[in-house]
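Should a chain be cited, it is by its letter among A, B, C and D, assigned in written order, with residues numbered from 1 in that chain.
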Amino acid sequence: MTGLQVVFLLIGAVTLASAVMVVAAKRVMHAALWLILALVGVAAAYATLEASFFAVMQVAVYVGAIAILIIFAAMLTRRSMEDDPARLNKGWPAALLAAGGLLAGLVYLFSRWTGFSSPARALPEGGENIAALGLALTAPEGFLVPFEVASLLLVAAMIGAIYVAGDLRK
Amino acid sequence: MIPLSWYLIFAACLFCIGLFGVLARKNAVTILMGIELMLNAVNINLLAFWRYLWAPKADGQVFVAIVIVAAAAEAAVGLALIISAYRRRQTVNANEMDMLKG
Amino acid sequence: MSFWYDPVAFIAEWLRGVLLGWGMAPEGAAFVLTALGAAIMPLLAMLFVIFLIWYERKLIGRIQNRFGPNRVGPFGLIQPFADMLKIFIKEYITPIGADWLPYNLAPVLSVGGVLLIWAVIPFSATIMGVNLNVGLVYIIAAGGLGALSFLLAGWGSNNKYAMIGGFRSVAQLISYEVPMVVSLLMPVMLTGSLGINDLVKAQTIPFIVTLPAAAAIFFITSVAEAGRAPFDLVEAESELVAGFNVEYSGLKFGMFFVGEFLHAFTISLLFSTLFLGGWRGPGAETYPLLGFLYLVIKTFLVYFVVILFRGSLPRFRIDQMMDLTWKVLTPLALVSLVVTALLAKPLAGIPALQAVVLFVVNAILLMVFFSVAGKRATPKRAIVGKPRPLATPHHEDVSA
Amino acid sequence: MTTESLIWLLPLPPLAAFLLIVLFTNRSKALSHSLALAGAGTAWLGSMIVFFRAVGQHDLAENPIHISFNWLPMVDEWFKMGVMIDPAGAVTLFFVAWTVLMIFIYSVGYHNFGQPKGDHDRPGLPPHGATVGDKKHAHKVPSVEPMYSRFFALISLFAFAMFLLVVSDNLLLFYIAWEIMGFCSYALIGFWYGKESARNAGVKAFLTTRVGDVFMLLGIVGLYSATGSLNFHEVLGNPDTLAKLAAADSGVLGLSLAGLLGILLFIGTVGKSAQFPLHVWLPDAMEGPTPVSAMIHAAAMVSAGVFLAVRTFPLVSAGRVGEELTSAMMVMAFIGAFTALFASTIALAQNDIKRVLAYSTIAQLGYMIAALGVGAYVAAVFHLVTHAFFKALLFLGSGSVIHGMEHGVLHTGEKIDPQDMYNMGGLKDKMPVTFWTFVAGGLALSGFPLVTAGFWSKDEILTGAFGGHHWWVFGTLAVSALLTAFYTMRQITLTFLGKPRTKSAEHASENKTVMVGPLVVLAVFAVGAGWAGIPEKFPLLGGLIPNWFGEFVGSMLHEEAHHAESIVPLLTSLVVSLGGLYLGYMVYRDVKQGSPDPLARMGFLYKVFKYKYGIDELYHDVFIRPAVWISEVFTYRWIDKGLLDGIIEGIGKVALTLGRLVRNYIDIPLWNEGMTDGVGGGVRRTGDALRPVQSGRVQMYMVLAVLLVLVASVLFLFFAA
């Protein structure tokens, strides 16, 4: 077992543990904090994949924006759940069965697949090539159209969120 | 080197935990957190496949970028909906949002 | 290799030799060295802060026509240590109903979030923590953690003023992040790299000359990000008692305090790295220690300006603060980004001409935006009712 | 900017204008037309830049300016979308840009911009005029179009579609633009939707062209499945592919695969370019505003049809040996020549000024199709260009005449049709600019020798037909050219010459500069465009000006077209054009008010012409009446009302009787007292038991969905694999 493998196991354990805490934590605020830890763990997992750009992006977007948004929402709506001690709904055994069944199914499928053995591909000198990623996103031969559609989606989501949450009818 | 299967199992576990959160938690905000976990699991898979089967071509990374964009959009709209629902119904309990009428 | 040529590399080599001599594996030695570096860097930063507190108090004192600390030690230099000791021995109070985890996490994050930035800053041609190829994105990501600490402090204190302070601070941080990121895109565009050291190396002409608009936006927004006056609405004493940190005491409060000073110093460091040429200067390539000296001098100059800001400008109202970012800085950043992008490419072959053209265009944009948009950004408030007379002392019938 | 990206951007300004007008500026007339004009102007500017850059490139035919990007992933490759400019596209772009811009400018005046609002104008009807002045001196003036912005929005979309069509590099994009244009024509022909005739005309145009489009789509699909690409340059510019297609047997009527696909695509042209037998929509399309007519008949729609035929010409002519025509070319030549003659005869007997032009358009399109049919490729493109200019000119001119007449009608208050040529006469002095430009266009249409563009292009078509020894085509075209000259002169004479036949005509007045200005510009082109293509072998003039057009467009063909040297076609075109003009003038020079058409002496034949061979009635009887009969009588009355309703009512009656029996003898005594509550309660309990399924709780639905997916995949894995 190499050092990197140990590091990965640590990261995975921490991430999965905090993910469990996200769904198990009693208070929403704590769930959000655990979520942040889980997201940082995922960023670390990206780092072990030598995708440093996405590792940093993960922190910037998820921790810097999405998690803060979630915390905001949790704060704004905190009164609602205070008098209800149960955090899971009545159907949670069925949900556990569904999630567990899915995991079992996935693991079973993995056990029959032999494509794991392929070694990681070589990266150019100096890690991933961000310039290539940028070109792929903006070149007409690449993914220009999906990229533009994604940006359009963001704008639409932004306007929609403002409209929905802004209560413009007043 | 870490085997590819570790990443896949890791992502599968994360996905299923997120799925459980989505299916079982009462609070709509926590449900959204579960969705974020699931999306992250997907991203891990995408990046792992990119790293092991596709690098150094950037095609696989593009999908990750787009998933992140979709996640940001989803969080913005979802939280806006939750806040809007909270403002009208004074609740964020997903079980209580079962009326078609607003 | 002599010590004075490159002391850090010299010591590192010597240490590596010692460790290998003890029979340690090369990877292990590298790990120990990295850990050592990671431990020394925050220490260095903290030491700087101790000096900074003195520097700032002295300067503010001068601005306010008094002496500042002058009792403990020569020129009051030991004063910060005295304060430090005092704050160490104070009681830690945790309010009733406080949320334990966020309440205690917040001060740590407020310092840690800033220290993270130091990891990627090149202090000279060879002295730097990590040469990350996405360093700039990393800096932005680390800045996002600062917002988290304010939010957690506000939430965890179980105090409505702290909560309002937290909300305000996050609103401010997120709003100012937009023009800041856009303004940082301009140097990146000219350099073609996200690595901080590449950005420094590209500054044959410092970016403050070629991109004055970006520099101005970055400076203003980073002061706002640090929550310094005139953007210190978070801790507006008159409205919010002291904002998000009202319930903190002892060392926890001290960490917020240190975090703020450190943040202010870090933005000066960033500004001088990104726009003033960082460690560049005559002879800095051959003598890295000289580059470090240049950087420190530049940083202190910028920090001087930050303090001047704090000492001379009154605090913004919250609507003015929001108007400034959304109606002035963001449009200016977007416009100058587009203009710079359009102009930089065709002139890329002739650096001198490019610099001149970019400077002129950027300067014009800057002036136009601040003179036109700046005046119209905040709508004039209608005066409702007559102004009440000022309270004047009535000497005549005090007894009645 | 590189030429490639410029081509990309060409269609976008009109589209942007459309979107902006629809979304934002539809309240403001001035903003709307400014946007539309800006869009058209920008596209025009870009087109000119592209055109001149394209002209400057020597091997344009072999290496067209071309850019494409991956659009749809196919199994193992990409379907590519892109733009391309080759010689044919370049000249088409040239005339499209000019005519579109002119039509846009003209529309501002045509829709009375700046005039007051009408007294009782409503959206959906043409403006009726407004009363101005005080009570004593009230008089009527033209009023502004109520749906002004809508018009500019739609016509911008139309222009977008046309530009897109011209620059597209593959048949699919071409087809998309083609269909957008189909929609625009529908919306613009039915622009005054308050009028029933306009509504019907819009629907007719849409449905009739749709017939052709279906076959065209078949052709596109066939071509894709045969070659795996729809790119013009890759498929139609590739001799190997063409040879393969020409050698393959399609199994239909003994045609080669190339011939079958060519004919299928050609049927699209037949629909869009209004060739016999799908020509019926075009005359009715005159119900739209005149700029629309000009747009449809000159700049866009019908040109698009011919442009398709030009694009697919390599397919049609694939496998051709020497002067021998392929079967597909025979079909084209026959339909074109027949349509030319057929439409010319109908045009002889029409009195509506725009309707004459409509039939003349059909005839001229027939000319182009016939020219392609006999292989005179360059001549066909040349005529397409010149025709676009002079026909746009004629339509706008006729619109100007109508506009002037409407002015007179409003002034005098007469209740007459301002479009009927028998109500005009003597407009020469009232509307001098319109008159001279109209004459220029008319002479170009009839092929007045040497000075007009129409002469050169028409002459080249005749030469092509004659040179290939296709005598019947040559003869038919010559006769139709004679008729063309005749009815053109009839039109000019009836409209402009002689004495005014009504009061309104006396009070007609010339229009504003914004309307006549475009006429002048187009007149310059109608006269001058021909000089770009004077053949080298023409007596005297030939070689003075180099035959630039022939070389530029001719480079598209793989083998050199060889001209037979003969004086006969030249003489023929001289004789028919001058003779027709002379005859027309002599017959119509003094037609009095109320007197019948001098041609009416031809009796039955005139009636046949006048009623357009009864094609509309024939279609009405053969297609529409049976369809109406089937829907109204057969389906509705017999099946629905008679059979189905009968069965249902019968069941109902039986059920009623049964029910009464049951109610009286079983229900009331037995169930009502005994079981009702039990059943009701049972239903209620069942409902209660099932209701939790419809809880409205999203999470439960999702749990069920995930579990079902799991079960399904387990089943699939264990039993299917």
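Worth a mention:
Going forward, contacts are C-beta pairs under 8 Å (C-beta built on N, C-alpha and C of every residue); 3 or more make two chains touch, one makes a residue touch a chain.
Because the structure is a prediction, the values reported are computed rather than measured.
Of the two chain pairs shown, A-B and A-D, the one joined by more C-beta contacts is A-B.
A separation of 6 Å divides the Cα centre of chain A from that of chain B. Between the Cα centres of chain B and chain C there is a gap of 33 Å. Centre-to-centre separation between chain C and chain D, using Cα means, comes to 66 Å.
Centre-to-centre separation between chain A and chain D, using Cα means, comes to 54 Å. Residue positions of chain B touching 2 or more other chains, listed in rising order: 19, 23-24, 94-95. Residue positions of chain C with contacts to 2 or more other chains are absent. Shared interface positions of chain D, defined as residues touching 2 or more other chains, are 697, 699, 703, 706.
Taken together, the touching pairs give a contact graph of some other shape, not a line, ring, star or complete one. Listed in rising order, the residues of chain D touching chain B in the complex are 695-699, 702-703, 706. Every residue of chain B that touches chain D in the complex is listed here, in rising order: 19, 22-24, 31, 94-95, 97-100.
Those residues of chain B whose C-beta lies close enough to touch chain A in the complex are 1-10, 12-21, 23-27, 29-30, 32-34, 36-37, 40, 43-44, 47-48, 50-59, 61-62, 64-66, 68-77, 79-84, 86-87, 90-95. Chain D makes touch with chain A in their complex at residues 69-70, 697, 699-700, 703, 706-707, 710, 713-714. The residues of chain A lying in touch with chain D in their complex are 89, 91, 94-95, 97-99, 101-102, 105, 140-141, 144.
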